[in-house]
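The same subunit A turns up in both complexes below, where it pairs with subunit B and then with subunit C.
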Partner chain A sequence: MYEGAVQDLIDELGRLPGVGPKSAQRIAFHLLQADPADVERLAHALTEVKLKVRFCEVCFNVAEADRCRVCLDPRRDLHAICVVEEPKDVVAIERTREFRGRYHVLGGAISPIDGIGPDDLRVRELLTRLGDGTVTEVIIATDPNLEGEATASYLSRMLRDFGLRVTRLASGLPVGGDLEYADEVTLGRAFEGRRLIDV
Partner chain B sequence: MHLRHLSVVDFRSYTSAELPLEPGVTTLVGLNGQGKTNLVEAIGYLASLSSHRVATDAPLVRFGATQAVIRGAVVRDGRETMVELEIAPGRANRARLNRSPLTRPRDVLGSLRTVLFAPEDLALVKGDPADRRRFLDELLVARQPRWAGVRADYDKVLRQRGALLKSAAPVLRRGGRRAARPAHVEGVDTASERESALHTLDVWDSHLAQVGSQLLYARLRLLRDLGPYLGKAYEEVSAGQSDTRVAYRSSLREETAGRIAAGEVPEVGELHDEVLASLAEVRGAEVERGVCLVGPHRDDVVLSLGDLPAKGYASHGESWSFALGLKLAAFQLLRHDLGDDPVLVLDDVFAELDTGRRERLAAMVADCEQVLVTAAVPADVPDTLMGRRYAVTLGSVTEVA
Partner chain C sequence: MPLYRDEAIVLRTQKLGEADRIVTVLTRRLGKVRVVGKGVRRTKSRFGSRLEPGMHIDVQCYEGRSLDTVTQVETLDPWGDAIARDYPSWTAATAVLETCDRLTEEREPALQQYLLLAGAVRSLAGKEHDPNLVLDAYLLRALAVAGWAPSFHDCAKCGAPGPHRGFHVVAGGAVCPGCRPPGSAAPAPETLLLLAALLAGNWVVADDSDPRHRREGSGLTAAFLQWHLERGIRSLRMVER
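Entry: the complex of A and B
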């Protein structure tokens, strides 16, 4: 244990995803020795991100206004929605330039162990978006792991009666993987090869 | 295949040890508690990523050290592979194959195959269903490493579904009543909560059925293939007499469970539908108790000698021979399946057998590519089987001339 401020910093860093106690300590001491201007910039970036960035009111992607860049873009196809777990998945799919519709960010996947059920995700908001009949195709692009698959099956059950084309990204994606780590070619191919879900 | 060399660092009682090996028989002798089993345990771990003695990794790391390393040079068809594992409790194991790191440690499975028989295996006959399930599942993996992935998936589905049953059970049980809320909100809210819990449970049911039916199907086929070898091995060890029987006891609905117990192996699609139907039947009870009641994790294998179940009836020696028979059958199955001998490990086995059984076991394993034997009393091991000999004393190994 270190004294007050140092330990507080280590504790805070240690709560970040992917940062263990050892890395937290290393980062803390790095910051202690760093140029005050650098640390100032980091602190500023942290405050700014909380002040400026929020979630798009339509799709829950990160946005700097009420709506995100995708939702504001008039050229996007309003008939298709791609459902992903996290904003980082939007970035991954945008890189492929394969998809011209809009997104819906669930904010996670169904995982009872972590206490996450459908009501903790933005499922209801998705159903509301589909209500007016504009959207005709939903592409489910949750991660190709157990929780992502469970979320996909749940969604396809909920969407059964909407009369939509519901497809699931799958072919080519490594099972057990994370969408964001799939390379562009694989992800692009996964879009072309998406399959209809039978429920 | 055979091991040409084993080295361990900070494994169990060893700070470090080097053990050169060759095909044929090698015997490790030494007094109680000197570290014989520790060495063969390391070999078993390298092959299966689990210990035959403990369920957690912490005891495998030498007391006071933070991680253990096991390294084995495996020779198959004249080609040598270097298999290396780092065990550090609290984080994932690291594995290397010919010095290149593997992303998933379980990808080393299949590089070394062993069949290990140890006193703990008496639990196959006398122990809990979990011991017998483990035997089947580990043999599945030894036969085809991809089953390690299916096993892991199944465990994950079970954990998720179990968590859901625990958390959703109160909501589902309540069925529309909830005290603390005003009456007008109550109805709608609880109903939708119930509905989403039920839908989610359906989703996990379908995953359990999908993965569970595959695992079940694989076990049934394995058991069917193992049966003939078992009968032969038991008879050879015990010199004639008695008929061994194995029957799979499934947690599925009665009718299907009956067919399976009689030795039928339904197609995987049928098993899938049966798992779903059986889950539907027990849903009330599952919600009541908050546990998964159907699936391969609830199954057992009933071992009998003639008409009597082995558990609770067989004598000590008969139980030993049965357990030994299962392991020798596993060896024969792998040998014929893969066209290659696994490494056979016999830990402290001879002390438990009468003279006739010792001699017959020695004769049975004489043609195996590599056999590793441990014994506290050298005289227990038939002379024909001694082979190369190492003395194990206080965590150090020396060859006996």
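Entry: the complex of A and C
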């Protein structure tokens, strides 16, 4: 244990995802020795992100206004929605330049063991978006692991009565992995070869 | 032994660091172990798809100071894959896996629990029966193996031969008029027959049962489980009854 401020910093860093106690300590001492201007910039970036960035009111992607960059872009195709778990998946799919529609960010996957059910995700909001009949295709791009697959099963069942084309990214994506780690080529190919879900 | 190998079923996975996972598995011989799958969330991983909940695997690990690390894994049966494609089967399977995790201790051999688990997961993957029936059969039998066998026929307190109308979870199941504690329930006789069939593995009777009795039976089974396990089974709330 260290004194006051240093220990507080280590504790805060240790609460970040993927940062263990050892990494937290290493980062804390790195910051202690860093140029004050560098640390100031980091602190500023942290404050700014909480001040400026929120979630898009349409798709729940990160946004700097009421709506995100994708939803504000008039060239995007209004007939297709790609459903993803997290905002970082939007970034991964945008990199492929394969998809011209809009997104819907669920905020995770259904995970009963963690107490996360369909009501804890933005499923109702998705169904509301589909209500006016503009959207004709829903591409389910949840993570290629079993939680993502089960979430896709749930969604396709909910979408059954909407008369939509419901597709799932083609296999070829590494099963068990996180979507964000898929390279552009693999992910682009998975988009092209997306398969129709029988609903 | 720095290196070990066993047949196993994956109970749950948790993200660890950037691209690893902690994987809890129930092995056939060693009991429950928690192992690290290194880099399994990356796209190039050969292991990722095999270390997912419900997968039946042949796994080799080396013992570390705190956690063991997976060095090799082969799929024996891709049960998890089949289950994830059907939402009701998946929620039932998740409740099965969570219960098994709660009923077993790390590094304590639990062959009976292993065989029960394998039977339930295989059955869910093969869509052999209504997933909720498979779940309830598993829960009742897993509790019985853990030493908490409920009685659905003879009186749970004095052993008086049944059938009895009264039913009390804390007393252990069916209760005769003499032993019947206040606040006992009076489930339909068919419900008790169904539960007895599930506990005994009599699928002819179970498959033929009425949805009304299945629902009542699920309620009683959940109450039993709740009574014996301190904290409830989270996944059970997500099962559509």
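Note that the second predicted complex is superposed on the first by the 198 of 199 C-alpha atoms of A that agree within 3 Å, B and C clash if a C-alpha of one lies under 4 Å from a C-alpha of the other, contacts with A are read in each partner's own complex, and residues count from 1 in each chain.
Assume a contact is a pair of C-beta atoms (placed from the backbone, for glycine too) under 8 Å apart; a residue touches a chain by one contact, two chains touch by 3 or more.
On a predicted model such as this, the values are computed, not experimentally measured, just so you know.
Bringing the complexes onto one copy of subunit A puts subunit B in a clash with subunit C. Using the contact criterion defined above for the overlaid structures, shared-chain residue A:115 touches subunit B and also reaches subunit C.
The partner that reaches more residues of subunit A, of the two candidates subunit B and subunit C, is C. With both structures placed on the common chain, the touch criterion links A:136 to neither subunit B nor subunit C. When both complexes are overlaid on chain A, the residue A:18 reaches subunit C alone and has no touch with subunit B.
When the shared chain is aligned, subunit B and subunit C each come close enough to touch A:146.
Within subunit A, the residues touching subunit B in one complex and subunit C in the other are 110, 112-113, 115, 117, 146-147, 149-150, 153-154, 157. Subunit A contributes residues 110-113, 115, 117-119, 146-147, 149-150, 153-154, 157-158 to its touches with subunit B in the complex.
The touching residues of subunit C, counted against subunit A in their complex, run 12, 15, 17-19, 40-45, 47-54, 80-81, 83-87, 90-91, 94-95, 97-98, 234-235, 237-239. Contacts from subunit A toward subunit C in the complex involve residues 17-18, 20, 110, 112-115, 117, 145-147, 149-150, 153-154, 157, 173-178, 181-183, 186.
Remark: subunit B residues 153, 156-157, 159-161, 163-164, 167-168, 193, 196-197, 199-200, 202-204, 206-207 touch subunit A in the complex.
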